[in-house]
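Chain IDs A, B, C and D follow the sequence of writing; residue 1 opens each chain.
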């Protein structure tokens, strides 16, 4: 199992992105030190998911830079960024429906599986060995998130909470230095949320990777994060220790403003 | 002597019939046609003509007492389908001879199989390669009952060049249509050998519906005459659009300009000054009977492919007679002997060397202001 | 007998052609609307090599398939970045372009009149063996990391990219492989039918293959193969109905699409029958 | 030059009717509706049938033309409604993937073509001459009355269509459904009705194009294969955009005619392919289409 080292320094500075005339993200900066758990919060439409999409290369940033361990990720393709070691999950779960649970996890290690085209179409020993290895690892990831025994199930047949876990296992399987979780607790019931927090903490202890997450649930935010960044209308509103941010009057106003 | 021979024969026949080896006299003719697909109009017309011929034979008590059965299979105008359908006719339906399609591509595709199975295919595929191999020998099982595209194109070329005195030719043809292409090459060869020139050569493909750009180029090429060896529906577009752009050239064409072409155009000014060669003359008496029967049965006028369908049956039955029996090899042998058989489209004699008809002349027609005028039979000097 | 043989042979060839469509459209979700053009490339290249240069069949077959793959590369490189709808247009346009090239190079290809005199080198056993071999290759491909990534990108391209899958490259590799296989189907066809014409390879054939793949199942190689067998032989069984047979065929296809919305087999594969065992064994090991 | 542009435009006008029929359906159901070709052939024959059975001997000339166009448009609309009911309604209920709609539409196209083949394919048929066949000369170009009528009627039909789409309640419904079916049904729009209406409009256009094809060319079952040009035009134009489809069709017409002049008609399809490829690489969203950015 790939234990990630202390690497995983993510530095984002001056990130900007406009769609049409709307500044979805405007001069946003944040940093996550290796092994740190960072939360990004903010009202709906604040541009949180856009930040993730900019970091992972879904969109190209208009301005600003993203550095992973000092290496710039700007202009890289989405898949290259993923292989540099940034794994992610999605707000609206995006599992691969045509594949079973185990295969879903395997897709994350497939891009680096050490066999070529001819090994594949002839099913040579190299391919079979590698596939076995991958499957073994995949099962381990599944057991880590508590999905053992469901390898052959169809992802769409799983309950919502399990789908979240599967997505997490899939993100783990790329061996990330940094993992981005987009509202990982959305749609979970209170007991599932607690379970989820435990799971993330356990995984963090084990792999010691950097985690950046977007979340609305205060329970998750307060329990997990070492540091918080608040985003509002694409701009950084506040940052700091969770408790400190929680009592920041501007932040409260931004949230209350949203409720109106 | 003769009596004894006859006696023996009838004795043998009775025995065979009695033992059930010969099923109460039925001759199965396969009919391989494009009933669907792009050439379905042609295939359906051939089928109707053939049905008519078979009905007539059977109504008159059959062919020498045997009922003739026509089994029609569809090729969808597709070579792959045709291969399956041909095999089905032979293996499943036990056809002893096959009426081929009016489309050369399918003729070319089934030739190797017909040769191997020794089943004659009598068709109106006018590409000479269907009936004659590259080494000059006849394709053993393939027979044509209509002039080849070479004969055909040369007749038209000769008429335009030598009779009408045109020297500068423009051509417009469907490059994706084997028929058009096979009508073009010998035409060009003929006129270029005899002092004519092709001053404009324009093409289109079957999805094109607007030839005005091509016709406009032709217009500026200063040709004397336009050669359009294409399918009927394309000819309709051609003459209408030629008129639209004010292209006022005389045109020469193949038998696709035969009725109902001028009616389809519906515009006497567009369907004007067009010469074409037809297989037969409308006035010939042998046509009248078939035409009337066709009208009675299908309630419309036959197009010329229907007559070809009719003749295919006539020729095959004649070959059975000449070959001495209704088996594949006998019919093949018989077809090579077909001589002076009166068909609807003319008097048919098949050359044993080329399996193509000998001496079939063409009847020249002119369409003048939407009206068909028969000019008469025409045989080029070089063909005599 | 010859009748049955010819059906089986042509069905086998169609099965191989359909494998290409399956890979591009079924497995990868790219809309291939000109797959038959690769069949034309394979068929024409190999047939011309054999006819004009006397190249032996095996070598001609190899070069024919390679040429199809090469043309797959030419079409694939610019198209893999395009959206699905555009890929359908580009593949369609490629098919029409190939036909126009074939029609225009009459000295080489025989043009619309077709290429005759191709020696007969293909018979039923060879076709059956080819089906088995190609099926093995394609099934292995589906079952490898390539197949998994293809399925991933088919369901969700964005998520696939975020798993580190180089989507464009993967599409291209699959496209090449599919072109080679389809090209090989063209080789078999050329040396079986002994005759080639450009018009045969137009978009309606590609559309027929698409119908076969999706009637078989939304993503099932087994289904694609079974449906290839059924849909190519169905019209033969309907011969008694004469001109109505195509109509009956269409109605059957419509019924399946309407009432089995995932196709006959959905994403079921026959290999699951024995795969269960291997999973259990793997678990014990 | 001017003459060639005119040829290109009038060719494009024929393509544009087809392309718009295509784009309408693409707009709401997001697939290329190949059954449109079948509708065109079918209505062309229906118009002919109406001509010989109903109108012949009663009216003639422009009135005959109007009567036939109207009949064909009505038949086209009805046929399209039946097609929607038979071929696509259930697929929508099943939330089938888009490709199934496409497969279904191709099958329906083949079905219609073969129904015609069974009943009408042992001969060619043609419409009577509706208009004076004289040419009109203008600015050194000549065109026929039929051309002008084609141009006028197609632009008329397109304008009516745009009015319906942008000025009527039904049009609003169509646009809403095309944007998001679920939202539309939440807003109280009956998607079934809207889809049906769209098919009807598309079918009516198909009917009109069918008559034009029959009038300018002649009747044969494969008449509707012109649909592939509509497909190309509508995709180039930007999927689902009506104006894009029109522009795409006109452009396709002009490019085809220009290419015939430059490289000759034989190589034209190959060149169109290359141009199309370059165009899509430079502008991958078509002429009028908007970028559909995938949401993460």
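Here, contacts are C-beta pairs under 8 Å (C-beta built on N, C-alpha and C of every residue); 3 or more make two chains touch, one makes a residue touch a chain.
In this text the structure is predicted, and so the values were computed from the model without any measurement.
Both subunit B and subunit D are touched by C.
Under the contact definition stated at the top, the chains bordering both subunit A and subunit D are C. Using the mean of the Cα atoms as each chain's centre, the chain most removed from subunit A is B. The most central chain, judged by the distance from its Cα centroid to the centroid of all protein Cα atoms shown, is C. Remark: subunit A and subunit C have CA centroids separated by 39 Å (rounded to whole angstrom). Rounded to a whole number, the gap between the C-alpha centres of subunit A and subunit B is 72 angstrom. In this assembly, the C-alpha centroid of subunit C lies 30 Å from the C-alpha centroid of subunit D. If each chain is reduced to the centroid of its CA atoms, subunit B and subunit C end up 36 Å from each other. Multi-chain contact residues of subunit B (touching two or more other chains): 35-36, 175, 205-207. Shared interface positions of subunit C, i.e. residues touching 2 or more other chains, are given as 96, 99-100, 103-104, 158, 243, 246. Multi-chain contact residues, meaning those touching two or more other chains, occur in subunit D at positions 114, 117, 228, 266, 269, 294, 296. Interface residues of subunit D, counted against subunit B in their complex, comprise 3-4, 7-8, 10-11, 14, 114, 117, 121-129, 133, 135, 142-144, 147, 213, 216-218, 220-222, 225-226, 228-229, 256-257, 260-261, 264-266, 269.
Looking at the complex, you find that subunit C touches subunit D at residues 25, 31, 78-79, 81-83, 85-86, 88-90, 92-94, 96-97, 99-101, 103-104, 157-158, 203, 207, 210-211, 214-215, 218, 243-244, 246-247, 250-251, 253-254, 257-259, 261.
Put simply, subunit C touches subunit B in their complex at residues 1-7, 10, 96, 99-100, 103-104, 106, 111-114, 116-117, 120, 189, 193-195, 197-200, 235-236, 239, 242-243, 245-246. Here subunit B touches subunit C in the complex through residues 35-36, 72-74, 76, 78-81, 83-85, 87-88, 90-92, 104-105, 108-109, 112-113, 117, 127, 129, 133-134, 174-178, 180-182, 205-207, going by the rule given at the top.
Contact residues of subunit C toward subunit A in the complex are 137-138, 140-141, 143-146, 148-149, 151-152, 154-156, 158-167, 173, 177, 219, 267, 279, 282.
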